[in-house]
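Only one structure is covered here, and it is reproduced in the block below.
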Amino acid sequence: MKHATQLAAASLLATTALAGVAVAQEKQFRFVMVSHIGSNDANMGWLTESLAAFEEKYPDVTTEYISTNNYSVQEHVRLLEQAIATRPDGIAVPIVDNDAFEGPLRRAIEAGIPVVAFNIPDSRPADERIPYLTYVGGDEYLTGLHLGQYALEQAAAGNIPAPTGIVCASHDAAHQGLKARCAGMQAAMEGTGAKFEELFIGAEPAAARNTLQSFMQANPETNYIFTVAGWSSPWAWGVANDMGLSPDVDNEGVTVMTVDEAPVSIEGIRAGHLLAANSQGFWLQGYAPMEWLYWNKTLGYEPKSDILTGPVIINADNADKWAALVRSVFGDQEYDNQNTW
Amino acid sequence: MAAASLSGLKPIVRQHSEVGVILIAVLLVIFFVATSGGRWNNSYNISTILQITATLGLMTLGVALVIGTGEIDISVGSTFGIGALIYLYFAIRIDPVFAAMLAVAAGALIGAFNGYLITRTGTPSLIITLGTLMIFRGLAIALTSGFAFSVPYKERDGLTYFILGGENIFRAGSFSGVNTGFLWLIAGLVVLTIALKYTRFGNHLLAVGGSADSAHSRGIRVDRVKIKAFILCGALAGLGGVLEAGKLGSADGSMGRLMELQAIAACVLGGCVLAGGRISLLGALIGVFVLSSIQSYLVVMAVKPQWFMVLLGVIVVAAALGDRKLRHWAVRK
Amino acid sequence: MADAKPLIQVKNLDLYFGAFHALRNVSVDFHAGELVGLVGDNGAGKTTLIRVLCGIHTPTGGEVYFDGERVRAFHPKLAIDQGIETIQQSVGLCDNLSIARNFYLGREPVKRILGIPFLDFAKMRGEAKKVIRAFGLRDNVSVDDEVERLSGGERQSVKIGRAVEFKNRVVIMDEPTNHLSVREREHVNELAVQLRDQGLLVIYITHDIFQVHKLADRIVIMENGEKIEDASTDSMTADELEEVIRQGGRQVEKMEA
Amino acid sequence: MIGVALMLIAFSVIDFSGWWTVRTISNVVHFSSILALIAMGQALVIVSKEIDLSVGSVYGLTGIAFITFEQSLGVPGAMLAALGIAATCGLVQGIAVVWGGLPSMIVTLGGLFTFRGIIYVWTGGSVRNFSEEARAHWLTRAFGGEFLGFEVVLFWMLLMLVILSAMLKLTRFGNHLLATGGAADSAESRGVRIDRVKIVTFMICSLMAGFAGIVTLADRPQTHVTIGDLLELEAIAAAVIGGCLLSGGRGSLLGAVLGAFIVTSFRYELIALGAPSSWFITFVGVVLIVAVIFNQKLARWAGHNV
């Protein structure tokens, strides 16, 4: 009994200590970002960094970052409802699923809480969609599409081989955004006659490599690998390298592409391992929604169009500049740590 | 004096296994109200917690019944997901009521499959249901990569949609009301508690969990009782899936993922003995409430998402330990 | 006093548990109004035999007739429905249930309310209390208490009371006097004789040949899954029977070797 | 074992893409070895009649600790510290199970969440890299390099198989472990300290999972915080397919290794057949059920009372 009490007391203390930070300071506004980019996704760093920068600039605003730890609509809606229950002054949320998010968001908007969509918009026509203030973010489908088109341009220029088989390696089969990236890539590759496959590799590194290797073994015509997360690109490169498929960017063997402006993506491009990545402007996706919520609260601004932060192609030509930018946000040490090549 | 009055409570704790979890729930609620400054204890949040309690609770009732027979069912998370997908697929194409019945029937079928394999082959239920957990999770993921499973928000305002997980009834003043799923849960709790305590089926179920050999020697068809429990469990998980899908209007392949573990944790918190024979349905539901309250507290207090899992894991074990120590104290002379 | 036609007839019964041959070609008749002592050392197969009779095990080969009818399906439910009650050593009570619930386990009385069959608690409590008090249950133990709290003797009383209460044709007692005090033991033995006198078939299993010889009409001795002796108590003394067990045991061992 | 033979025959028959090629075999053997290391620990826990759901998280936590500590402690120090963390995970869970009297399923479920959460809190969602010097360190090569044309993890796995099998069959502790799982009461009445046996078994299981994590990352230090996700399911499946009975007291480490091989080969074969890889989960489930029933029938046929 004694041990149990101590344990319980310790955990409750830990909770209050963490919570205390949020309650202690007197602030005028409290904005909440409810995200599906969680502890299992390195891109969370962009969003939390930009929220911190925003708080620094606007000392009268508290920002909170709430996220699921795996991609699940069910869980995400639950978090959203609980966030609404705290009556924040503004909410930023990706519209992962129109149908599931419409109910709670309409209720929040009716209750006078301004909502900004980020990262994923409500894909329906403007008059049908959830009446949020605006959308800030990229476009998952375009991310895949533009990257695919860029690769075809490079192939036409003779820098890389023409596609004979493309695999879109996805780490979460339930994540709608990842499916949209693959769909974009597929659309770009249509007409080339190359075989396109979507492969669910899972998020476990050893199992993912095993899966990808098995796939490459069974489908020897595959020569483009598109990893829909930056952190899985070294795995794909490693598998192809082990199999002697010359995965570096050259006119033979396999070509690897990925997404995100993460250090691992940028450094992969700089080292010649990766052809290109696609930035969605993650830093802006954290900062800009807060800015719009603040302006809406203080000035009554209501932007009349979506604000696109991407996609922007990162390739060997601009990777150095990207590296400098990202270093300035994360700091040198964190940047180097995140480079897992 | 104090010691004497405390030991006077022992028989109550001994006979009502839910006392421990009620105590934990009360203490937690007091703590949450005191420290959250109204962020936890507002009507909107409470109604959210009750909504989670409703769907997870229906699943937990079924799991508790299976635990009562001395078996375990960890496939319910996948059954929940399959139920949700079936409901959404047919609700928009045929009719919500028909779809709901189909989803519950599918759940019952999965339960029957589990029960049949377990009783027929005498294999541990943990392994069989682990197998079906994976089978139907894979199926759910495969299904959702081919079709969209959703019902648009605007179309979800008919009476049938309302009954199957619709929004906020009893809305009054500042109280934002509860989801109809909660009524299903209460109905399930009442019916099953009566069935468990006051009917032959309940007596047989507990006897099977207490001592399958003794029950068998008294002429009880142990296998049939177990299969019935699994069928009920599957059907309840399917119903939970329907209500969750009815509320969300959409589902992905991860629907219900990890809920099986929460359901088992809730049962243990609520005083169900995993060895079988002693269960408390009310206790299990309060266990669900405790779990969803903790989760919601961490969210509304903006605990960093990284801490979330650590605290959840530690609190589940600590609460199970506290509950056990309390019961230990009550049994001691 | 026994009927000419056997109530239970066992013919060439064989039973395997995996590779283990638990019953070997056992044939034996039991008549109504007879008290049969079934004797043998531990592992001789006596408990296995009666577990076939009360439906727990299904035999691998051979036939069982009840009242002249071939028994084709084995399940305790069927046995109980036909009036075979068993008092077993280790099974029969569920620790987690109350005395009243255990008493009626498997044949619970119901009362219909709105057409739904609810348990008839008033009857269950009343009857269980009446019978069990007669078997010497302490006054401070209520029929609502869990069986877990009873002593070994009290548990035995619940089982015997239950077997006696329901009017049956066969009562099988498996080591009924284990864990009992001397007084309780005499009481149980008297009951066995009483039941026989009421015209029931009583099968009394024990390894104490001297105790059962005083009660039984007939003794059946088993060894290593086989029947090795079947004699009326008039024809052989207890000492002679004990010698058979000794000899029989040795004979079988030789055969095995 | 019969199962493995049947499966290999089946694969050879339905083979579309060259099952019997060196690269396929070495690919399957590599991941099988990693999974087998975890499955062997799991098998020991199952033999003691408990279960450990936390192995996937312990695998991840240890691996990430190894990479993170390398900067401050160097390769040998990081390795020891990481294994120390793994042992602590096992110790804490074992104590909660034995002295707290809680079902191991609940405790290790808590462990699954807690250890994964610790990874998140500690790393903030991204893993640091492994320096060039560390990758070239002889100890890293010893655990992650190649030997005789095979990944060295295969030989580590075989070594652990021999050591643990010897421990289980030839030592007093092994005897106590089997007795604890087979009949805890009887074991206790013969003076076996079942609480210690169980705690040590949990520690061995966590150590094996941690060791697998280190071996994996020594080979490929490119990882992510999701490392070890859902591996517990594959490890339990491997142990059960290999003939561990959940009723405790019986189990074979060689079986667990072969079980890991079956699970991994199924993944390969499914992908080779062109099935969507989400079906893999479904198929592991099917194989699990079929194998457990098959093993049980086999054991009963052989005369065991299970």
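Details
Every chain is named by a letter (A, B, C and D) in the order it is written, and numbering of its residues begins at 1.
Note that in this section contacts are C-beta pairs under 8 Å (C-beta built on N, C-alpha and C of every residue); 3 or more make two chains touch, one makes a residue touch a chain.
All values reported here derive from a predicted model rather than from experimental measurement.
Shared contact partners of chain A and chain D, listed by label, are B. Chain centres here are C-alpha means, and the one lying farthest from chain A is C. Set side by side, the interfaces B-C and A-B show unequal numbers of C-beta pairs in contact, with more at A-B.
Per-chain Cα centroids separate chain A from chain C by 72 Å. Distance between chain B and chain C, defined via averaged C-alpha coordinates, is recorded as 43 Å.
With centres defined as mean CA coordinates, chain B is found 33 Å away from chain A. Taking each chain's centre as the mean of its C-alpha atoms, chain C lies 49 Å from chain D. Contacts with at least two other chains are made by no residue of chain C. Multi-chain contact residues, meaning those touching two or more other chains, occur in chain B at positions 141, 145, 253, 304-309, 311, 314, 321.
Touching two or more other chains at once are residues 38-39, 44, 69, 173, 198, 200 of chain A. Contacts from chain C toward chain B in the complex involve residues 54-56, 75-81, 86, 88, 90-97, 101, 105-108, 110, 116-119, 121.
Chain B contributes residues 31, 35-37, 39, 42, 44-45, 48, 51-52, 141, 144-145, 150-153, 167, 244, 247-257, 296-309, 311, 314-315, 318-319, 321-322, 325-326, 329 to its touches with chain A in the complex. Those residues of chain A lying in contact with chain B across their complex are 1, 3-5, 7-8, 11-12, 14-16, 18-19, 22-23, 32, 38-39, 44, 64-74, 77-79, 81-87, 97-100, 102-103, 106, 173-174, 176, 179, 198, 200. Those residues of chain D that touch chain A in the complex are listed here as 16-18, 21, 23-24, 27-28, 30-31, 34, 56, 120, 124-130, 216, 220-231, 234, 264, 267-268, 271-274, 276-278, 280. Within the complex, the chain D residues that touch chain B are 51, 96, 100-103, 105-107, 109-118, 120-121, 124-125, 233, 236-237, 240, 245-247, 276, 278-286, 288-289, 292-293, 296-297.
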